[in-house]
Amino acid sequence: MSSSILETKVLSKAFGGLTAVDKVDLSVEANKITSVIGPNGAGKTTLFNLIAGVYMPSGGEICFQGKPLGKAPPHKRAALGIARTFQNVLLFDNMTALENVMTGQHPRSRYGFFEAALRLPKAHREEETISLKARQYLNLVGLGVYADRNPLSLPLGQQKLLTIARALATEPRLLLLDEPGAGLNVLEKQGLSELIRRIREMGITVVLVEHDMDLVMGIAEWVIVLDSGQKIAEGTASQIQKNKRVIAAYLGDEEAIE
Amino acid sequence: MLATFKRHWWSYLAMAAFLLFLILLPTQLLGEKTSILILIGLYSMVTVGLCLLMGYTGQVSLGQAAFFGTGAYLSAILSTRYDLDPWLAMLMAAVATGVFAYIIGYPIFRLRGNYLAMATLGLGIIVWILFKELSQYTGGPDGLGGIPNFSIGGFAFDNKLKRYFLIWSFAVCALLIAQNVVRSRTGRALKAIHGSEAAAMSVGINIAQLKVKIFVLGAVYASLAGSLYAHHLHHISPNSFDFMASVMVITMAAAGGLASIWGAVFGAATITYISQDALVELGKSQPKLAELDVVLYGLILMLVMIFLPKGLFVSLRDAFDSWRQRRARKGPVT
Amino acid sequence: MRKWFCLLLAMMILAAAIPLAGCSESESEEPYKIGALFAVTGGNAPLGEPEKQLVEMMEEEINANGGINGHPVDVIVYNYESDAAKCATFAEKLINEDKVVAIIGPTGTGDSLAIVDLAMNSQIPLISCAAGISIVTPTETNDKHWVFTTPQVSVMVVQRLYEHLLTKNITKIALLTDTLGFGKDGKTNLNGQKAAYGITVTADQTYGPNDVDMLTQLTLIKNSSPQAVVCWGTSPGPAIVARNMATLGMTNIPLYCSHGIAFQSFITAAGSSGNGVIFPCGKLPIVDYLPDSDPQKALLTKYRDDFNARYGNGTANTFGGHAYDSLNMVVTALKNAVDDTPEKINSSDDTLQAVRAKIRDYVENSINSSGFPETGGFPGTAGVFNMSETDHNGLPKSCLVMVKIVDGKWTPAE
Amino acid sequence: MTTEVFVQSLVSGLTQGCIYALIGLGFTIIFSVTGIINFAQGEFVMLGGMLSFFLAKSAGLSVFPALIISILIAMLIGAVLYLLAIRTARRASVVSLIIITIGAAIFIRGIAGELWGADTVAPPFFTGNGSLSVLGASIHVQALWIIGTTLAVSIVLHLLFSYTVIGKALKASAMNRTAAGLVGVNTKSMSLIAFTVAAALGALGGVVIAPLSLTSYNVGAMLGLKGFVAASIGGFRSHAVTILGGITLGVVEQVTVALNWGPFKSNYKEAIALVVLLLVLLIRSRRLFEEERAS
């Protein structure tokens, strides 16, 4: 794994008693679609939050493009090129769909308080490019027509696409998708896989946490399996499907559900 | 693009009409109420500052009157005790207040919601107590008098009409700046913080810093308004900057529908008119109701918030928009 | 939602519309318009409320007796809620919108100071009901030409108290003042005057408006072993102090208070502990003890009886009296110095200005022994006024008496 | 400072602190159950005192009937406040709710001023105007009543919350509103109860304190603020800490008077509570932050 864009070394996060992420070493290869799977409570989302800087690790460290992220807060990591979506969507309901995507351009635009306050030409120019780019990303996910709609007036599937557009607008190197497929119908899921592939083709590394195995196996080029905070396996989709520990973990999980 | 352009085009027209209206008000329409119109201008500035913080960024402040007060007192003290030129005094007051807000901003904005509300409330009252207690500077409860007028070269703002235009030109600038900020990436960032702090961070917004920035802006607005207020009334006393004053500003913001720049003006106008004029007139014509003005004020506060949480102005605007849309649907589709 | 919205809108419109309706109401005959600013609510409410009540009562009485020179009088009272800024706004309203001939009030010193410049610039007589001497002391920016005040100014009250203390050979006193305007003002004067009277202060304590008790302060005072305790404040403070001194068994130390306790409510609140409390005050509380020769007696008796008859026993107090004096001065001026009809006055700004000037001149030149030789001055509830160009208060120290509470009754202490 | 003064300040502080504690409890109960800070809380203290006085005066009731009835009336008002103002304002923001309760406070205060005038009134002592002395300091009998009441209230509350169904339900909805809703607790009626209980606590405080501190229509605001400080010390969760916080605040205020040192001889004393408030909030801020993160 020479060209790895993201690495974690003995990464751990404990909340009071329980250890949500336990000494996880993993390495995400650039320009690939990597999927993190695992039963509920395996620590997948916690892992994302650690990478995105929402939580600070209680042990170990995270390196992005070879440099350790240290205690950099979320907004700094976004600027560095780590974008993410949320399980529970989290769109800005006080803005239109377009404006939602435009916020994504925040770390890529420079003009500040005074240019804004006085409407200086610089502000004007940047605003133009911002909204132009925002529209491109909106079209990319196929929501161009809904630019002026309130995001919450869109069906869940499109809301999820919108969050992806917003994340893309930050022009990331690494895109973290937290259960993008949840609550989508078959058709939408196909669209989603298409989109994810296209994003990869744009040279953006994609890491997704996903429960839907068909989706994962369909697009993931590398699969990492977590169980109760620990990495129990990784490999290509086919390798993983044969992996005993994985099956065990999942069966256990299945039983628990039934 | 077209849509946004359209919105802006509308607002330019509205702006022009608004300015014309502002000029006509004291000269043609309501000359005898100039002093109230001036107050509306001042409170608009304070309210807009608060709207940026509360309506757009979603951060409560129950201590805005403190900044209004520091602006007023610093300006008054500097120009009376130390014979500074009012303009300079106002500038220094604004800077000092801004720095003050910046210093307390970082610790205080680690708090949210009710806790933030109470912290700002406490802060407001502490400052108010200082106004009363630092008698050697502030003149104590009796206040500070003999505050000079502004003047440029030979031209002194020595009557209400002159001060009206002075104060409203400040107010209009404040409004425009606020509006530009709101329509900029900063504005979107503010809204984003209001919408979801987690998501805001994820798109690279430094929420802590931005909250403080906007807090400072609001404080500076309030401070400028305070200075203008002091040099307008020529006498200030602590009671004008107590907790109820902060509440009044919040009411104005709320009545205008927190997240709306023009709503702030509307709110300031409505509440100022009701509390400074309507209720009094009411009492004059219906002496029985004269004592009830305070009660009515409380009642109005509750009713607006209960039934129009979005505020009078926004509710009216929404009503108007939906009406227009209904008409548009009926009309031919282009 | 929508219907509530309509409801609320209706309410707003109502709030806005009623005044207009009020304006359209027109009296049968145009009245003389006098403005009044009182703090009916807020910090100064205990003072402002009786002032307002007095004005309402007096207005009715005057109009019942055929008004002033046959014209009715209309006193426009605004409650500025103890807020100096509102006070200023309403003052402008009175001057420019209601076009009154004179303003009486405001209740508080700070509020009065907030509008003295306005009174000067718009050239309208302002007859305050507040006791701060600074209201009428000329400054480099304002000669106070248009400003008068009717209560006994606080510094004079303090001097009167100190004179009394000296007669009792009391030179070591402890101060306990409230932290509100009244108490701070008192504290300043008490400390300012003490040297002149050779009085030493053994302890200088304050109490907040919400303190449950002043036992701690009083214990400190007790330990400083003064000859007397001087408590400067308006209710409830002094009443609590009186009770706490009883609780602490400080009965051997006399308690002196300010004219701020000249309320019936103090006696009821302090209960038995109130007995023995001494305070300087106008003559109202002890009017019954005055000799019939006293020029104030008849007037004070009438004021007290009318007020009590209308608002209930024991409601008459010196503060309503200040409003009485202020209003009475304006009314007398209108009677004796103004011959224009209200119509003529309101016909143009010049005539209005002329009348305002006439009233001011009358108050300055005739509210004194030259105007009222038989009483040696203009008799009021606060005292016999002798206004002059240099004295816009016009009250002698002698108008203050020392009052002692005995068996829950006010009695002369000298 | 002599022991006499010190002890005296402790006693006075305890008395005053008990009232803060009672008000603080009101805040805590309402906030923990509804997530609302009721700015009208202080007004119930005023209502308690004024009602008890005027019931005794006009209706000629003796002390304890007056006490009961005034508390009942206060509870009624509390309930009405919740039903008319708070519940009708569905999904209102924090700001709206703050303004609503502030409006309610202004409203109640205004009405009280209208009904009873601006004069200060002194309700009769529960059991005479006696006092006993401890280490040279005097405790008024009424002060004993106040301390006793606070003690009783804290015990009763403890029992209520630990052993009764309603209490447990309140506790549940305090811990997690949605969860409580899921397990069948009617959170709406819980909120109603919370407001009523809080009103009762405030009124009770008002009734017991009024004979000592005297009362008038406008004492509510500042007392409410002090109560809030007590509540914030208790983190709006723990009743015990709230009570301790209130008492501590009262004692601190009085001891600073006893210190009889420069600034504290003036009104700055009033600022102490607020400084404490700020400190507490800022110290807690990190924890509050984590809490919100977690939820």
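Letters A, B, C and D name the chains as they come in the text, with residue numbers starting at 1 for each one.
Keep this in mind: contacts are C-beta pairs under 8 Å (C-beta built on N, C-alpha and C of every residue); 3 or more make two chains touch, one makes a residue touch a chain.
Just so we're clear, the structure is a prediction, and the values are computed from it rather than from any experiment.
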Centre-most chain [mean C-alpha coordinates]: B
Could you work out which chain's C-alpha centre is the most distant one from the centre of chain D? A
Quick check: how many Å separate the C-alpha centres of chain B and chain D? 32
Between chain C and chain D, what is the separation of their C-alpha centroids in Å? 35
As a quick test, compute the distance in whole Å between the mean CA positions of chain A and chain D. 49
Counting only Cα atoms for the centres, state how far chain A is from chain C in Å. 72
Two or more partner chains touched - positions in chain B: 132, 291, 294, 300, 306-307
Which positions in chain D touch two or more other chains at once? 110, 113, 266-267, 270
Where chain A touches two or more other chains, by residue: none
Going by the contact rule at the top, pick out the chain B residues touching chain C in the complex. 32-33, 35-36, 39, 132, 135, 140-143, 145-146, 160, 229, 233-237, 239-240, 270, 273-274, 276-287, 290-291, 293-294, 296, 300, 303-304, 306-308, 312, 315, 319
For chain D, which residues are in contact with chain C within the complex? 2, 4-5, 8-9, 11-12, 15-16, 19, 110, 113, 117-122, 129, 131, 137-138, 140, 143, 209, 212-216, 218-219, 222-223, 226, 254, 257-258, 260, 265-267, 269-270
Chain D partner contacts - residues on chain B that touch it in the complex: 54, 60, 62, 107-108, 110-115, 117-119, 121-123, 125-126, 129, 132-133, 243, 247, 250-251, 254, 258, 291-292, 294-295, 297-302, 305-307, 309
Chain A residues within the chain B interface of the complex: 52-54, 73-76, 78-79, 83-84, 86, 90-95, 99, 102-107, 109, 111-113, 115-119, 123, 126-127, 130-131, 147-148, 166-167, 169-170
Touching chain D in the complex, chain C uses residues 41-42, 45-46, 48-49, 179, 204-206, 208-213, 215-217, 219-220, 223, 235-236, 239-240, 243, 246-249, 263, 265, 268-272
